[in-house]
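Each of the next two complexes has chain A plus one other chain: chain B in the first, chain C in the second.
Moving on to the complex of A and B:
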């Protein structure tokens, strides 16, 4: 147990010092910050469009934002977790494995009584602590930015919902960190170590959801889950078979429910949570299968 | 082009098609594109069945109302194809461009190469020429796959104008993918650590391919309400235009943001020539060109800039590891 904490502490220190991690951290926090501004700008424009339509048509129409969640301005953070957060987790995982292999630390480390499982668990714990810190900072920024742009403080219930969303994001990112660590530990080339998990992420985020819904790839960049664009037999069969693998869509659905976004009913939340938990467990199980030999194998750039 | 640049070009070309990783990536890209066409086709047939069912229900109810049947325009099925080239194609392009510089640095062949009387520009030009031909071959093969699939799906051959439009779409794809490859080649030459170049390329890809277009879409007022704002307000197209005329500043800002993404220019040009965007469907090329010439110019500018970056950073100083980062 002591080894795990030592490795995790070292990982946390190194992650904070790396320029690439810092760059991605800045992009992520920057996007979370402007997400609220964009949300607010779009919201006020829609309200103005609504008022202008009422003026021009002279009809009485329902307000499209009546009953909108106070957390609506942060809805884009859902997609930024899927896009930037997942890539951040992958890059953090890959850099962590590759760094030790490249520096030749592995041979020295395993000449001591260090178990490989403790070493990998420490690495994952360190990365997840780093991601946890980033998500906590993102949550604080979101809370403040909603307050600034809407001039209303979030209620305790909404604050708890925001905390719930970022906690869920932390669980969602775990398999991606593990995947990055595994790729960094097992591949012979640094480029492949980055490329393989990114291609895996592309498949999970775009191809699998499209096979079940016929939705276009760009539509999958919406913060709400993909709509079923086609009811054809093939898509129904695909949905049944591939739905559990659409981890990003499950994350988007639960996030939508937590943030009270429109178009996200509470149905199947338990199944979504189960899929996210299973993905995290699968990531941990796959990480446990990494052996010393692969970590000590030569690494090329 | 000097004979040395031509030697480098031939060497890069034969290396590329011997690389198992690159061949696997290209086959994967082809598979995804084929899949996108199959999905679009199955989706269309499902819509036809839905239409028939709807018509039957109307007949049984004794209604004389008829609805417009879904019409198949083969090139319109390419929407996801263009989007996949935009997203996944760019990743493959980055890997191809990166690998051209990475292998010289990794294997130490750069040192050997520059021990000969070779000019810096020869290396860059030879590699760029190889990239241009690699993408020409890959996209040529993909366009054949696309054309055969579209003919099989529509059950008839493509019209001459459709062939021309398909060729134009592939030409835009070539410029877009070549640009990403050249940029990756340049960055891999520039950085001291190759891993840094790859991550920087991926960050650029993330920003220009995914984030900026996503922000543009999010800012679209019509996307703010499920099912579309104007639909929910029961406003027709002409009325929508009148209302939006009061928000030109906001729309201009949104458009300006989207204009900063080269991917968006590729997407707009691709959607216009294939008729994915209804405004351009079945319209002559002159009409499309009048509207979308700026997207083609942006792509050409992107290609020139990326090629310049690649040539500047494929010299002795860069490839021998004296880069800046």
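Moving on to the complex of A and C:
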């Protein structure tokens, strides 16, 4: 257990010194800030139009933001976690294992009384702490941005909801960190170490959800509010076998529910959480299969 | 093959003979496909963690975290070796190695010779009784070779460490080792003390000639 914390602390220190990690942190926080600015601009524009309409017509009209969730301005963060956050987790994971292999310290490390599982667990813990720090900073920025945009501080309940969303994001990113670590530990070429997990991410983030859209072709053609599931073996097989693999869609759905966003779709939150938990467990299980031999193997640029 | 406590054992052989593989097995980095080995009486497979606690290891191409300082690098390895507050011990070792003044320097600025001394420092922080050195003079300039040779002798004489050294620099073996073993295609073909080896081959001028003769006899 002690080794895990030693490795995790070391991971935080080395990752914090790397320009790539620093750049990713800035990009993620920058996007959260930009999201706040966009939210503020959109909110101001709509409210200006609304106020001007009220002034000119003198009629009472419903406030366009009356039914909106106080957390509506941070809805873009859900997409940022799926897009930038997952990539950030993958890059952090890959950098972590590649750093040790490139530095040539693996043999020294494992000539010490260090178990491979403790080493990998420490690495993952370090990366997750780093991501946790980034998410905490993003949450703080989001909280402030909502305050600025709406001129109202978030209530305790909404703050808890925001915390719930970022905690879920932390769990969602875990399999991506693990995937990055595995790829960095097992591949022979640095380029592949990054390409393979990114390909995996593209599949579960874009390709599988696209197949899901194809399941509801009527929704693509006209604005039918209720989703009409297509029948047929292919669609059923897709729904049963592929859709559960779309971890990002399940994350987006639960996040929508947590942030009280509209149109979160009909899927079950319990099932979504189960998929996310299974993805995290699968990531940990796959990481446990990494052995010393692959870490010790040569790494080519 | 058997190496006695307190000696400096020179492990010789051609490139590809299996010297590094043998050291990797003895340091528990590799599992043997067959056979057994004991380090200080501990089985390298069953008691691998115990073996790692009592050995130090300097690989051939020693590298560290370039973005971290000397102190940060050594602190990490010291903690992995079980030292909870290693600052004092690190300073002692660096002083013993006459390598002070670089504690807060990043490793990226270190030369090959300096890295080799950092490698020695990390290997002896936890006061191992047995030290494995894999081609320790590889890539060093003559001054670096001399510093390393003197350090190896001091480790043995002042700290009483048993040293197992892979090398094919026979001149260094003559100056440092008390016994030698010769490996050929994964098999030990010769082992004896250096003094007896020199007595056995009186007609040969140097250890290099003796080595070549042993190799030719068993070819």
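Everything below uses one rule, namely that the second predicted complex is superposed on the first by the 251 of 301 C-alpha atoms of A that agree within 3 Å, B and C clash if a C-alpha of one lies under 4 Å from a C-alpha of the other, contacts with A are read in each partner's own complex, and residues count from 1 in each chain.
Everything that follows uses one rule, which is that a contact is a pair of C-beta atoms (placed from the backbone, for glycine too) under 8 Å apart; a residue touches a chain by one contact, two chains touch by 3 or more.
Because the structure is a prediction, the values reported are computed rather than measured.
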{"item": "Chain B versus chain C as contact partner of A:190, first or second or both or neither", "value": "first"}
{"item": "More chain A residues in contact - chain B or chain C", "value": "B"}
{"item": "Partner chain(s) touched by A:270 [first = chain B, second = chain C, both, neither]", "value": "neither"}
{"item": "Which of chain B and chain C A:292 touches, first, second, both or neither", "value": "second"}
{"item": "First, second, both or neither for A:76, with chain B first and chain C second", "value": "first"}
{"item": "Chain B versus chain C as contact partner of A:6, first or second or both or neither", "value": "second"}
{"item": "Partner chain in contact with A:110 - chain B first, chain C second, else both or neither", "value": "second"}
{"item": "Touched partner set for A:18, first chain B, second chain C, both or neither", "value": "second"}
{"item": "Contact footprint of chain A on chain C as seen in their complex", "value": "24, 27-29, 49-50, 52-53, 55-57, 59, 61-68, 72, 76-77, 79-82, 119, 122, 132"}
{"item": "Of chain A, residues touching chain C in the complex", "value": "3, 6-7, 10, 13-14, 17-18, 99, 103-105, 107-115, 292, 296"}
{"item": "Complex interface listing, chain A residues touching chain B", "value": "20, 23-24, 27, 31, 34, 38-39, 41-43, 45-46, 48-50, 52-53, 56-57, 59, 61-62, 64-65, 76, 79-80, 83-84, 87, 91, 95, 98, 190-192, 194-195, 198-199, 202, 206-207, 210-211, 214, 216-218, 221-222, 224, 229-235, 262-263, 300-301"}
{"item": "Of chain B, residues touching chain A in the complex", "value": "21, 28, 32, 35-36, 39-40, 42-43, 45-47, 49-50, 79-80, 83-84, 87-88, 91, 95, 98-99, 102, 105-106, 193-196, 198-199, 202-203, 206-207, 210-211, 213-215, 217-221, 223-226, 229, 232-235, 239, 242-244, 246-247, 250, 267"}
